[in-house]
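Labels run A, B, C, D and E following the written order; every chain starts at residue 1.
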Amino acid sequence: MVDITAQEIERCAPLDGVRTASRTSGSRIGFEDVSVAYGGLTVLKSLTLTVHPGEIVALIGPSGSGKTTALRVVAGFVRPSSGRIMIGDRDVTDLAPYDRQIGMVVQNYALFPHMRVEDNVAFGLQAQGAPRDVIRQRVPECLAMVGMSAYGKRYPRELSGGQQQRVAIARALAPKPQVLLLDEPLSALDTQIRRAMIDEIAKLHHDLPDLTVLYVTHDQTEALTLANHIGIMRDGEMQAFGEAQALFRHPPTRFAAEFLGRANLLSVGGLTAAGPGEARVRFGGAELLARNPHNLPEGRDCLLCVRPHHMRFAGEGAVANALTGVVQSVQWQGDVHNITLTAEGESLRMTCVPMAVPPALGDQLRVCFDPSEVTLVPEDAPRG
Amino acid sequence: MVDITAQEIERCAPLDGVRTASRTSGSRIGFEDVSVAYGGLTVLKSLTLTVHPGEIVALIGPSGSGKTTALRVVAGFVRPSSGRIMIGDRDVTDLAPYDRQIGMVVQNYALFPHMRVEDNVAFGLQAQGAPRDVIRQRVPECLAMVGMSAYGKRYPRELSGGQQQRVAIARALAPKPQVLLLDEPLSALDTQIRRAMIDEIAKLHHDLPDLTVLYVTHDQTEALTLANHIGIMRDGEMQAFGEAQALFRHPPTRFAAEFLGRANLLSVGGLTAAGPGEARVRFGGAELLARNPHNLPEGRDCLLCVRPHHMRFAGEGAVANALTGVVQSVQWQGDVHNITLTAEGESLRMTCVPMAVPPALGDQLRVCFDPSEVTLVPEDAPRG
Amino acid sequence: MLAGSRAWRLAVWAVVLPLFAVLYGLPIAVIVLASLARTWNGALPGEFTLLHYAEAFRSDSLDALVTSLMTGAIASTAALACGTWAALALRRRVRLPARLLEAVFFVPSAVPSVSVGLGLLVAFSQPPFLLNGTRAIVLIAHFVLVFAFTFGNVTAGLARVPAECEQIAESLGARPFYRLRRVTLPLLTPYLIAAFSLSFALSMGELGATIMVYPPGWVTMPVRIFALSDRGAIFDAATLTTILGVATLIVLTVLSRVSSRAMLR
Amino acid sequence: DSGVVTIYSADGLHDGSPSWYGKHFDAFTKATGIKVQFVEAGSGGVVDRLSKEKSNTQADVLVTLPPFMQKAASEGLLQAYTPAGGDMIEARDKDAGGLYAAMINNYPNFIYNASVLKEAPASYEALLDPKFAKKLQYSTPGQAGDGTALMLQTFHVFGGKEAGLAYLKKLEANNLGPSASTGKLTALVNKGELYVANGDMQMNLAQSASNPNIKIFIPAGPDGKKSTFALPYYIGLVANAPDAENGKKLIDFLLSKDAQEDVSSVAGGFPVRTDVKPDDENFKKLNAMLDGVEIWSPDWTKVLDGLKADVAAYKQAISGN
Amino acid sequence: MADLAAHAVASPRPGRSFRAGLLWVVPPLLVLLVLFFYPLSLIVREALAPEGEGASLLHIETVLRSREFVSGLYHTVVIAGSATAGCLVLGFVLSLVIAFIPFPGAPIAGRLIDMIIALPTFLMTLAFTFIYGSAGLLNGLLVDAFHLEQPPVDFLYSQWGVILAEITVFTPFVMRPLLAAFSTIEPAQLEVASSLGARPFRVIRQIILPASLPALLAGGSLCLLLTVNEFGIVLFIGAKDVITLPMLVYAKAIQEFDYTSACVIAVVNVVLSLGLYGLYRAIISHFGGGNAGRV
């Protein structure tokens, strides 16, 4: 079994043709073996991670896994118990937050309750000594960007949750920081504004290629849409890190497979190599072909990761990687149908475009998936 | 043009075969012409809405549209400036919150900072005078339900955002209220826990068929998965209300179409009837067939709503509702590819399962959609 | 925590610590030194002795300490109860009558303690209230003198109790008194303790009114200390002051432990 | 009756350890079984309190200084009582109406720091020397009994109120500031913070143990004569006393020969009984200090009548500086 | 504090049974009526209509015209004003350091300051004499160190001595509520502010100060009332020509047996306290205190 610790995160080779951040003169964020403890409890364990200048890195992970803590340590709100934090080429571990030139949106906004919205947004500019007319011009600009122009004169307590969150974003962006730390910045927003804000952030990033962003989210769409790289946190450790698409396509661990997108993970055995980067495995009575990017050794028991949307209805003819299952449930979710099947004693979920006549419960269905879209994943090391 | 005001919300006829709440003995929530003003500003305008016993109604709508306010007025935290609030058959407008027997999860949790997690959860039971052994049994049960069993002895400030939110949910559920008011209860949770929590709420609702739920969310998947009916709010008014699936399939307004799910809305003209509930319209040079559930009159200019995931690649043969467009952008989002086309001068988005070889920019694509899946929508009345 | 670099911190401390030492350390040190001095003829005391303490513990000074502690505790508790009650009753009331009432509750703090003592002595030495010569009149004097401060502290605290928590409590079925007991008051605890500490300390040091009304056998520490220093027994006065200070310190420390525990939550 | 007796007393006799009060109250309780309750305040304060409590009197016995005892008498706060050994007290030490009698005799004086000044300032005139600027302080007339006494003394020495006030006005140039307490000045003189202050013999004697630097003196007036007057602690029975019988017993006890015997040794004052002639150190010292000093007697009734005006005039005079 | 409570909840709370709710205020009000306002009324009555005389304003006029009174009034206002200002500044700085930049031993320091409240105020002046007196610690050291003729530090027996002593004694009254308020400031706000580049001084000025304004207000008004009414310190320092109203009350009532004048001055003193207090509140709310409570 492969032993996965934070120190030996599996890093996926980038796929061809995916976005790569333009390495510009902006500020790099570096965690060098950073640990953080609250009281006696270590909630961030020897994290090493570099966010290259101009890159967006998304951190995802279950609730309580240390994402917020990772941001707070970059911002300087908590001191690491060991390790160094770098911003650009400076070791900022001992630097005060106000000397770090970062912008931050925190999880519960923390707007200044006694200031009007516009004063909240102006705060950073004033603090950094921007001239008056710059402030006068920049504040409405930022408010417009988040669609809050009409609310400049209100106090935070007079705003709805989403409105507050947008003000928090505007406040962080106003001083045009080199480094942006976003902690679930869109969690209180509806899909539409959220999309608009994602576009806004993407645009911002495009306009300011130097902007380095560390982005905590629990929304994988957000992560996949915005980020160059994604880190998956678990229990204070970085479980997996890699280029967004690569991580999704070839998850290095079971946890990564399950956490980033949905996944069917089938226990397979009898691995034999089959061509470059491919392998043949045995699943119940069937023999399946899959990619083996992690070069799992022959004979190894492992998991086969099949994304629900990669499952297709197979015709009657002979196709590779075909399985037959019994429909357990059919769920409609607006733009998709979710179907659960059982095949070879394991439960399989598939997602397909809505059908006028969805299959009925108990129907036998023959499904298949493309060998190039399924990946072998090592079983996680036992935890604890 | 059709004039849409809060008083004349378009209500969609339920489609056949969709879930309908079992009308049991639980408590109905009724808004009768309720207005709420903060200071001079009316933020809820003559809302009339009934949530039937045992039903889940989701409120969605842009940030600041009055969703939270609607919940607060049911809970009794704000008094309506006019109108009545009914719970069950009682007029509770003048009743104190503690007499209303509701459970509520607010947007920023509002956990009691001076109590341990388990005491937070036990609070409602104690307040309502539950016997000790009931409390001792129920609290761990509720904590287990939200996956927080290990955290009972912690104080709220020692929890991450998502953990706090889960405690808030457990606290609201513990006293088994008849009426549950949930204000974005899952916003701080990652996709996995969120899915689990949705299932949990669905299960809960299944176990307690009397439980009436008013659910504010900005996540349409949540709304579509959980709710019997969905209300779409805008600027303090109920823009549209209807059975979840019906509202999604046959949005009564442009706003509803855009807000619930993504939509391509094509300006079409020359409407002529074509069979029961169907009509033929003209889009640029093409003639398209669509459903006309709102019985728009002939000759009317209107919008054609095509969901991105209903767009399909058309083969070479003659198919109905086919359009040719030029690929503008291709975006990969994990389980889908998003493609933007221009056809007849309008921009069209389509969503399809990930392709090994996605179309290239500038490619000509022929796409089509099933007439039964596209709907004619009236243009919204001019606003202001 | 006010984030700042280490140098900044050190700079702040370099300014504040000496200030602190001069303003508070020095006077306290002088009083303690005086309590230990046999003579003090130069800039610093000549010889040291524990005689004053031996004397203090032998004489009825300890009765005075107990009297002071009891007076402080009873008067402050009463003031806390009454002030909290008043603050709660006037909470969230914006209309004129409530505002006026609030002003009324502040009036006692505007009256010099001498006048309070005088007024009490006059008023309660004649029918219908004959209280002079009883301990009650001392307690009343202390109550009156600390009441407004308690009221003010609690009112300020109430303004900071998050409304949302209280609303949620109500939605969970907590009736006003239950909510008060389980949510409002616990969240208010730091302020209650602050109010109590303040009034307790005030009461421990109260002289002006006490000296006018105290009955035989209920001599508080300040009255003793005043008598001593008025007769030039400075070292004995300093000794009793030190004892008074230490006793108060102990009480306040215990209270603030409780408070910070309440605050942490 | 109730077995308690309540005494309101001007401060001064409870000082030290053992204190004269402490010693004799204990003895009294032992002898009679009556418990003594004790309230101590300024000499004016006790009378004021007595008068405020008139409708619900608490005290049985009042001890205070002139002119406040006279004031209490004139306000009807006292009742006549002739103590057991009353005939042993000289007439000038007793009220004609029998309302009060002296219990301990005492005389106002000055003190100086003997480690700084080689010798005591000889005269009142000498106190005006600029070397005493801010090094001299006396308790304020009207606020402290000794201060009032000092004012009366200047009136006497300079032969009239005008002249006395004129002197005090000149003295104000050296005076550090007002002081409500006479007692605290001793420590300041002892420390060298002040060189000269006023005081009274009984107190200063009691203080000299812990204030070794101080020495008592009485300056000479313009005529070269030293003079002072008696400022006794008077004792009287309170009108409407709740425990009048016990009060009488206490008065008798405090004026008894036994109690008077150690007035000088314990309290540092002069006994008032003519049949008591102690031979302790203090008594010798006290008598030595009064050697060659003329003792005059103020007319306390007049003093009382004029006090308010005098104090006002004094304030007026010194504020001219 | 009045408006703080009122504005604490801006949301339209159920306004039911306002009058009935107000009845709750009756018990404490009654207590205060008997224990405080009844005695106060006797004082006012004595001031307006002395016992044995008819109602007249004569006494009041005489007292108000007297030089003593005018000077007392002046000194009271000056001393109270300066001491309160001093307490506010010092209290704010010390609390800030203790709460946000704690030095080792800061909690003990905080306790020590609390202890000051409990000490009889006049004793502080005694300590001051030993420190700042002409033969005191400070002068002794300075004279020795620089071979001076005269003690260089000479402010104790003046108005400044009184003010310094009052600042020392009353600063804890500002610190207590301030420390309580500081502990309720959301740390995230300070964090965000500093991440936006705000240096400590700006954070203090723009975040901490506004958030602690109610406490500052409470502590300041407390201080003001206490300094207006303080007499132990004034009495014991005995600065020349420094007479305050409470001292006058004391002197008139106890030493000069002029109860009526004492009552007149006491009444004026009360009016003055309330007036200063009102003025102070008005100033604070003018400078943004209006929003202070609406957090």
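Here is the rule we use: a residue touches a chain if its C-beta (ideal position, glycine included) is under 8 Å from a C-beta of that chain, and two chains touch if they have at least 3 such contacts.
All of these numbers come straight from a predicted model, not from anything done at the bench.
Comparing chain pairs B-C and C-E by the number of C-beta pairs in contact, the larger count belongs to C-E. Compared with chain A, the chain whose C-alpha mean position is the greatest distance off is D. Distance from chain B peaks, on a Cα-centroid basis, for D. Each chain gets a centre from the mean of its Cα atoms; for chain C and chain E, those two points are 14 Å apart.
If you average the CA atoms of chain B and of chain D, the two centres end up 92 Å from each other. Centres computed as Cα averages put chain A at a distance of 25 Å from chain B. If each chain is reduced to the centroid of its CA atoms, chain C and chain D end up 36 Å from each other. Residue positions 11, 13, 126, 130, 135-136, 187, 191, 194, 199-200, 253-254, 295 of chain E each touch two or more of the other chains. Of all residues in chain D, those touching 2 or more other chains are 42, 45, 181, 184, 191-192, listed in ascending order. Shown for chain A are the residues in touch with two or more other chains, namely 76-77, 96-98, 108, 158. Residues of chain E touching chain D in their complex: 67-68, 71, 126, 129-130, 133-136, 154, 157, 235-242, 251, 253-258. The part of chain D that touches chain E in the complex is made up of residues 42, 44-45, 47-48, 71, 134-135, 137, 140, 142-143, 175-181, 184, 188, 191-193, 307-308, 311, 315, 319.
The part of chain C that touches chain D in the complex is made up of residues 38-42, 55, 58-59, 118, 121-122, 125-127, 130, 132-133, 211-212, 214-217, 223, 227, 229-235. Within the complex formed with chain A, the chain B residues making contact are 38, 60-65, 67-68, 107-108, 158-163, 165-166, 183-184, 187-194, 218-221, 224-225, 245, 248, 258-262, 307-310, 312, 331-336, 351-354, 356, 370, 372-373. Of all the residues in chain A, the ones that touch chain E in their complex are 72, 75-77, 96-98, 100-104, 106, 108, 110-115, 123-124, 126-128, 155, 157-158, 171-172, 175, 181.
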